[in-house]
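Note that chain A is present in both complexes that follow, paired respectively with chain B and with chain C.
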Partner chain A sequence: MKQSRGALAAILIVAAQGSQPLVAQSLMVASTAVAVDDRTRTGALTLINDGITSSEVSISTFCGYPVTDSIGRMYLRTFDTVDDTMPCAAKWIQSFPRRLRIEGKSRATVRLLVTPPADLPAGEYWSRIMVTAKGGEVTLTGLPDSARIKATLALEVRSVLSFYYRKGTPETGVLLEALRASVRPDSLVGRVRLTRQGNAAFVGSLKASLRDPGGKIRAEGLLPLGVYYTLEPSFSLPVQGLPSGQYQLAVEAVSSRPDLPPEILLQALPVRQTIQVTLP
Partner chain B sequence: MLAVLAAWALLIPAGKAVAQVSTLRNLVFGTITSGTTTSVNKTSVNAAQWSISGGFLLGGTFQFTLPLALTGPGTPIPITFSTSDGLRNTTNNPASGTTFNPQTVQTIPIAPFGTTLYVWLGASVSPPTNQTPGNYTGTVVLTVTGMQ
Partner chain C sequence: MSPTRSARRLALVALVSLCSAATAQAQNNATANITAAVQQPITVTKNNDLAFGNVFPGVDKTIAVTAAGAAKFTVAGQAATPVQLTFSLPGTLTNGGNNLVIDTWTGHHNTVDLATGGTSFTPSSSATTATLSAVGGNLFVYVGATVRPTTSQAAGNYTGSFTMTAVYF
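Up next is the complex of A and B:
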């Protein structure tokens, strides 16, 4: 009886595996941003296949940068054609290799070589790097019907990272304007306009804090961002339970991000703006 | 709501410049019958599933590019993804997830370090009656973008 139960369990496991194929394709990229200067013109990207199956990987580049929509959500604006005024480095980047196969539980390094035009002015030039990973195709049908229709779905994952090519000593900064806020039942929703200064993107964070009349911080938060031209993001702070009255809302733009090491980021002086808000 | 700031975002340690996207499971329709629609619910164990972690959870976005049909030896088989076929959650539990339209760009809220965003996708296939036998294929693309 024990044996037959064991056999039944084995059959059930096999059946479950047959009807539920594990793709287990997993690609880790490090880092999420790559900065290359004009002295070395080279960079590297580490790709780690943490899955159990091999992955076909390809590297490509395109132009794009974060913008905000009408309600302050950030998204990546991309361009099929790039005009001369946009400092786009996408066409100058070559990856070695461009396509590779990474076995399960192994890693690979992709070298990035930048070949800019000879007369390139000093400054910062941007691109996005897309790492495309394809796993093996998986049959959708567990048991084909009498018509013998088989369907196969390929799953492809694209990871989009940022890239900066810096010639000379580019400088960045940011201007904060038009800070405003509206009170919702459980949150304070604010927006502020950030305009990049200098000749390089401002990649950093926006810190927000809400202080009571006694100067005590009652809510705070952090919004990592990249300002390439202008950005007008929205943010919210929890205010549920706070007593009614006057508060000071402060935002500060700083050139640090929790996910990126300082050597990738250009330093800029922090800037700050405050307004008074009334909680009902 | 929007690009959310929260105090716990400050807990993320500096310099964690890695990001990871994993395909955990493919769609499984089971038996496909000509002339009928076969659907996979986004909360079922047969839904496709991915996980997103690391630097992408700092206000990034994700977006699907979905096929309209599976192509093969005969008439293409329509595959549809309804406006409620997407599901997301910060725990590996579709039952408590939030439904989304897989045809639109999705903002990833800022999350504490170590958080994983799970994404599920359901779909329906409708092979016409007397569908030519054979293998039919399509590609689902998931694009995850960091907002640096």
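Up next is the complex of A and C:
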């Protein structure tokens, strides 16, 4: 059933190409995360060049995971050197092929083979996969013809995805703490600290909702995220037009993401935290 | 039509078709439920080149992000998903030993296809975090710059590289 579902999704993606306008370069990468276990040690990426020109594509890996800055924005922390304590799988991943040329309006499949150390302890190991597409150009048109000057910028577009290698049965969970919120003119900006539990990243979503005194949801939002160690993201809910008074802000971390198939995600019990907020 | 919207509509059509087929089948035979969950892939598209129009030797020319000549990209994926953008941009274009200065890069991203009303940023190697639109899952990115040809700018083909990285968390 999983296979047929995946096949249908692939067919739909391919079929979707037909209705798009022609563009010079456009690379579609599916899926946006790859999980490989120690039984098969293989995975795959589907690449679709929806542009009208061919694209030179290369696959590379590196170590990194999302963290948050002082105001709650997520960014990818990367490492030039990786120490032994970091569960990084980047060096074990081989892609077949590593470089390929995809003609315009064509697709290709890249196989990923993981070769970990033989004595690897059970657990989850991470990497980032970077799909680099070259081929398009950002042409600087109109430079002085009289001087016969031509200028061209070679365009390189990189898409960075997450990768998980799982040995044994890793477990995950998340702890929610320190929920707080501040009221802005048109929104309620909240932050909450998420700390990973278990020995695998918590990949899921943070659901936020604002209920009025009658229990009716007046605003809600969803933030897809991955908690590798600790994350303290900010989120905002629209409150413009809501009457002043006491409201309940609830956040819930769930192990589902709308952009990822459920078989990639490790399941964990949902956790929830609430606070009271006053809208002026 | 955006790639995301297009894929979603097709998914809907396919699901409706499957349901219709299953209903028709139910009149004579046992039925099997068929469901399909379509996850959105990530797509990065270059829509427009960076076009400076007429440029004269010795006269700097700036293309603002709002100008028709601004470079434009579209990042498409799952609705309301955060993405990180970084850029690697040249300060000069080269032609053998000759340089053509290009600098003052400017950027603007928006969840609708407008170069105003979104968020302005300076394209650089520092991370810019944005969120794909809640409906459609699109992010439109506009990039402008300034070229500074000298009065004696040598003729030739000047080249450089422009890299945009989109990180999915």
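What we mean here is this: the second predicted complex is superposed on the first by the 242 of 280 C-alpha atoms of A that agree within 3 Å, B and C clash if a C-alpha of one lies under 4 Å from a C-alpha of the other, contacts with A are read in each partner's own complex, and residues count from 1 in each chain.
Quick note on the criterion: a residue touches a chain if its C-beta (ideal position, glycine included) is under 8 Å from a C-beta of that chain, and two chains touch if they have at least 3 such contacts.
In this text the structure is predicted, and so the values were computed from the model without any measurement.
In the superposed model, A:V254 lies in contact with neither chain B nor chain C. In the superposed model, A:D50 lies in contact with both chain B and chain C. Of the two partner chains, chain B is the only one that A:I71 touches; chain C does not reach it. With both structures placed on the common chain, the touch criterion links A:A181 to neither chain B nor chain C.
Contact with neither chain B nor chain C is seen for A:L210 once the two complexes are overlaid on the shared chain. By the document's definition of touching, neither partner reaches A:L112: not chain B, not chain C. When both complexes are overlaid on chain A, the residue A:E156 reaches chain B and chain C alike. Touched by chain B in one complex and by chain C in the other are residues 19-20, 23-33, 50-51, 66, 73-76, 128, 130, 133, 137-138, 140-144, 147-162, 221-226, 257-262 of chain A.
Interface residues of chain A, counted against chain C in their complex, comprise 5, 8-9, 12-13, 15-16, 19-20, 23-33, 46, 48, 50-51, 66, 73-76, 128, 130, 133, 136-144, 146-162, 221-226, 257-262. Listing the residues of chain A that touch chain B in their complex gives 19-33, 50-51, 66, 71-76, 128, 130, 133, 135, 137-138, 140-145, 147-162, 187, 189, 203, 206, 208, 219-226, 233-238, 256-262, 264. The residues of chain B lying in touch with chain A in their complex are 1-7, 9-10, 12-34, 45-46, 48, 50, 54-56, 58-59, 61, 70, 77, 105, 107, 110, 113, 125, 127, 130-131, 133-148.
Contacts from chain C toward chain A in the complex involve residues 1, 3, 6-7, 10-11, 14, 35-47, 49-57, 69, 71, 73, 77-82, 84, 90, 93, 100, 102, 127, 129, 147, 149, 153-169.
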